[in-house]
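Listed next: structures, encoded as structure tokens.
Each of the two complexes below includes subunit A, the first together with subunit B, the second together with subunit C.
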Partner chain A sequence: MTMDVEEVKRRAGPREFSPADDLPEEYRTAATRMLEFHANSEIMGAYLERPFIRQSPSLERKLAFSAKVQDEIGHGQLLYRAAESLGIKTREEMLSDLANGDGKFLNCFHYPMTEWEETPMIAFFVDGAAMRRQATLKQSSWEPYAHAMDKVCFEEGFHVKHGESILAELMNGSRKEQRLTQAAFEEWWPRILQFFGPTDDQSTHHDFAADVGLKTMTNDELRTAFLNSYLPKAETYGLEIPDEPRIRQNDDGTWDVVEDDLDWEEFFSIAKNEYEPGLGQINARKEAQAAVEWVREVLDDREAMAAGGHTGQAAD
Partner chain B sequence: MATADGASYAGVDDLDGEEAAEAVERLLFRLADDELVVAERYTEWQVRAPTLESDISLANVAQDELGHARLWYQVLERFGHDETDLIWERDPEDFRHGTLVEQPFADGDWADAVVRGYLYDVAEDERLHALEDSTFAPIRDRVGKVLDEEAYHLEYAESWLERLAGSEDGHERLQDALDRLYPYALTLFEPGDGTTDARIVEMGVRERSLGALRESWHDRVDDYLGSLGLRVPPLEPSERADGHVSPTDLPDHVGREGDHTDHWPALFAEMTGTYEDLGRDHATRIMDDDE
Partner chain C sequence: MIWEVFRQEAAGDYHAHCGNVHAPDREMALLFAEIQHGRRKPTNSLWVVPQDEVGEVDTDEAVFGGTTDKSYRFAQTYSVEPAAEEVEASEEEQTEAERKRGDL
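On to the complex of A and B.
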């Protein structure tokens, strides 16, 4: 018998629910929404970083970038699987929604990234912010999600180190490198602050997700934890924090970001996949995927032929 | 691991004379440059492969090849080079890879990636096996690790060939790619000058000549692809004493003596753009050395 929402709320705790449980649709829908968003973000993050495999200025950086992009596709694969196990949407549906511009993903991955000095803004700050959030998701009530986070967080640790190493190198490089990196930081900083979304009283999905244990920390708590750790790091590397958006630390260690200093119109147009540059990235990826549609058709045909006896060979 | 006179070279200093050192260096440049450029092209498929699974697998192959390039460049460092002059500040005309590996992929042409990977992997397999008992220890010591990984690449390429060849559309695309790429694949076996390859075999650095490797390669490729119903162009037995195949079988640009297609300088400019823009003068090491 399907569990009712009240029972889910009562039982909600770390790794409490698995595909063996008959969970109500509200829970499965909310968990799917989170996982799909997370998986899409991995794919679009990889999309943004792939040009830097080629543009890496050393052989070992190139290897590290290729491995990072590969890891992110692997995380996407893992998260789509965890999402599929909720029985709401198949991976094909989620990937096709992402291609069509219906799939949602992190605000930062809607912005184009073209220069090397921008790479630590994603690979250090955004990934660092993501690490904060992902670490708390190890306590998610949906066991497959929490389990996926074990692997993701482990690998993400290397990515953040890699990003930090690029940042350190740039900020210890020539004055030109330092100047370009500071400019990239100023451009990306407001977007990074928006990573955690608007303050909690404006967030719509949080209450239910928190009540059923899918989320364990609020946006504000996560933002505070991130700032406490990354503001000092930015300063250590010689980055100057821009005067705006204004941010202020309270006596209790929490931070207030003056929300009016951030562009929420842009943020919400991004959230609807309507921001032009982001839309360009969505469509460019869609075209690349359409170009290899013929291969997927060959695989599907084989699978259809193999069906009814034995399963088709894995499509790797 | 020995020549007729039992020579064995523990390191660069043991090579007799400049000509011997130059011959080994030339062989290493071919190895390293092939691996670097083939990998560089493979990475174009990252985030663009047909499925998430194939995306991950091809990235594995690319990273293996990059790792092999790194390993062979590290051997070249023993000849007095560093990564800066081996890659980042080298004149693109000084690169010695065959032109097979520098060809761009047309959008969505997964058949090209599969056929190119296969032709390259078989060539690599032949070449590396002929180096297993090399008299030059720094090569001999590294071949085993590289061969292990190449075996997986070959298996991977074959599994894709079999899947694609089984459909009409896939078969046609494979044949197109094969017809287009076969002449380029022959560049992998083209000797550069007229004397180096003979010297390399004479010194026992590689057991077999490029011409002999080419014949084994062709027979394997012909057998296997033939079994999938694909048509492999015939290879005229090499009548020329210098080991070259007939120029009419080769593409206009071979690459081995720095004669590249226009795709190479364009690719090289993309690869070195950051290094140039930032005015870098060294390449960052972030991993431990293998040795």
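On to the complex of A and C.
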């Protein structure tokens, strides 16, 4: 018999529910929304960084960027599987929604990234913010989500430290490198502050997701934890924190970000996939997906053949 | 017919291989698995899988992790300022993996 929402809330705890449980549609829909958003973000982040396999200034950076991009695509695949196991949407549906502009993903990945000096803004700050969040999702009540986070967090430490190593190198480099890195930071910093979304009272989906244990920390708590670690780091490397958006640490360690200093109109047009530069990102990935359509067709044919035959040797 | 058995100790844990059973069909395999593998050790769930259906690739055929130096894939390669708590935790897991592979 399908569990009712009250029972789900009562039982909610880390890794409590698995595909063996008959969960109410409300839970499965909310979990699908979170997982699909997370999976889409992994994929779109990978596409944003992919050009830097070519643009890396050294062989070491090239190797690291290709490993990182490979990891991110893998994270996307893990998360689509965890999402699919909820029975609401298939992987194909989620991937084609992402291609046709219906799939939602992280604000930061809607902006184009063209210069090497911008790479630590993603690889250090955005991966750092993502990792802060992902570490808490190891406690998610949807077991396949938590299991995916075990593997993702294992890999992410490399991403963040590699990003930090690029930042350290640039900020110890020529004056031109330092200037360009500071400019990139000023451009990306407001977007990074918006990573955790607007303050809680404006977030519509949090309450239910928290009540059923899908997530365990509020956006405000996550933003505070992120700023506590990463703002001092920015300063350590000699980055100047812009005067605006104004941010202020309270006596209890929490942070106030003056929301009026951030562009929420842009944020919400991004959230609806209506922001013009973001459409470029979406369409570029759509074209890449279309270009390898023939590969998926070959795989589907093999699967159909294996299902029809008796050998079960489809993987030869 | 042989069935491989995977036991999960508690809800939320991974199903880990714990042995196998002889059984003529799935129903009996589940019963035998329960008796042999689910009685003494803490058990929340068991998976049974026909042995023939398990694919395997091992170190005779594959070089897991590749043949070249892949240290660029690991957090401990990048020495920067002390990392955030969750990044440190990831690095510890990676260092542990490196040790187990015999690369340290």
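We take it that the second predicted complex is superposed on the first by the 307 of 316 C-alpha atoms of A that agree within 3 Å, B and C clash if a C-alpha of one lies under 4 Å from a C-alpha of the other, contacts with A are read in each partner's own complex, and residues count from 1 in each chain.
By our rule, contacts are C-beta pairs under 8 Å (C-beta built on N, C-alpha and C of every residue); 3 or more make two chains touch, one makes a residue touch a chain.
Every value quoted in this text rests on a predicted model; they were computed, and no experiment measured them.
Chemist: On subunit A, do subunit B and subunit C fit together or clash when superposed?
Modeler: In the superposition, subunit B and subunit C stay clear of each other.
Chemist: Contact-wise, after the overlay, does A:54 reach subunit B, subunit C, both or neither (first, second, both, neither)?
Modeler: first
Chemist: Considering only the touch criterion stated at the top, classify A:233 as touching first (subunit B), second (subunit C), both, or neither.
Modeler: A:233 sits against subunit C, while subunit B stays out of touch.
Chemist: If you count the residues of subunit A that each partner touches, which comes out higher, subunit B or subunit C?
Modeler: So, of the two partners, B touches more residues of subunit A.
Chemist: Between subunit B (first) and subunit C (second), which does A:155 come into contact with in this model arrangement: first, second, both, or neither?
Modeler: Touch partner of A:155: subunit C, not subunit B.
Chemist: Which angle, as a multiple of 10 degrees, do subunit B and subunit C span at the CA centre of subunit A?
Modeler: With subunit A as the vertex, subunit B and subunit C sit 70 degrees apart.
Chemist: Quick one: is A:307 in contact with subunit B, with subunit C, with both, or with neither? Answer first, second, both or neither.
Modeler: The answer is neither, since A:307 touches no partner chain.
Chemist: Who does A:63 touch here: subunit B (first), subunit C (second), both, or neither?
Modeler: Both partners.
Chemist: Under the stated touch criterion, which partner chain does A:258 make contact with: subunit B (first), subunit C (second), both, or neither?
Modeler: neither
Chemist: State whether A:165 touches subunit B only (first), subunit C only (second), both chains, or neither.
Modeler: both
Chemist: Considering the aligned complexes, could you tell me the closest Cα pair distance between subunit B and subunit C in angstrom?
Modeler: Scanning every C-alpha pair, the shortest subunit B to subunit C distance is 5 Å.
Chemist: Once the complexes are superposed, what residues of subunit A are shared between the subunit B interface and the subunit C interface?
Modeler: Common to the two interfaces on subunit A: residues 60, 63-64, 67, 162, 165, 315.
Chemist: Which of the residues in subunit B end up touching subunit A in this complex?
Modeler: 36, 40, 43, 46-57, 59-60, 62-63, 66-67, 69-70, 73, 83, 87-88, 107-108, 110, 159, 163-164, 166-167, 169-170, 173, 270-275, 277-280, 283-287
Chemist: Quick check on the complex: what are the subunit A residues that touch subunit B?
Modeler: Where subunit A meets subunit B, its residues are 43, 46-47, 50, 53-64, 66-67, 69-70, 73-74, 76-77, 80, 116-117, 162, 165, 169, 173-174, 176-177, 180, 285, 287-299, 301-302, 313-316.
Chemist: Going by the contact rule at the top, pick out the subunit A residues touching subunit C in the complex.
Modeler: Its residues touching subunit C are 14-16, 18, 20, 60, 63-64, 67, 128, 131-132, 134-135, 143, 146-147, 153-158, 160-162, 164-165, 168, 229-230, 233, 236-237, 312, 315.
Chemist: So in the complex, which bits of subunit C are touching subunit A?
Modeler: The contact residues of subunit C facing subunit A are 11-14, 45, 53, 55, 70, 72-75, 77-81, 83-91, 93-94, 97.
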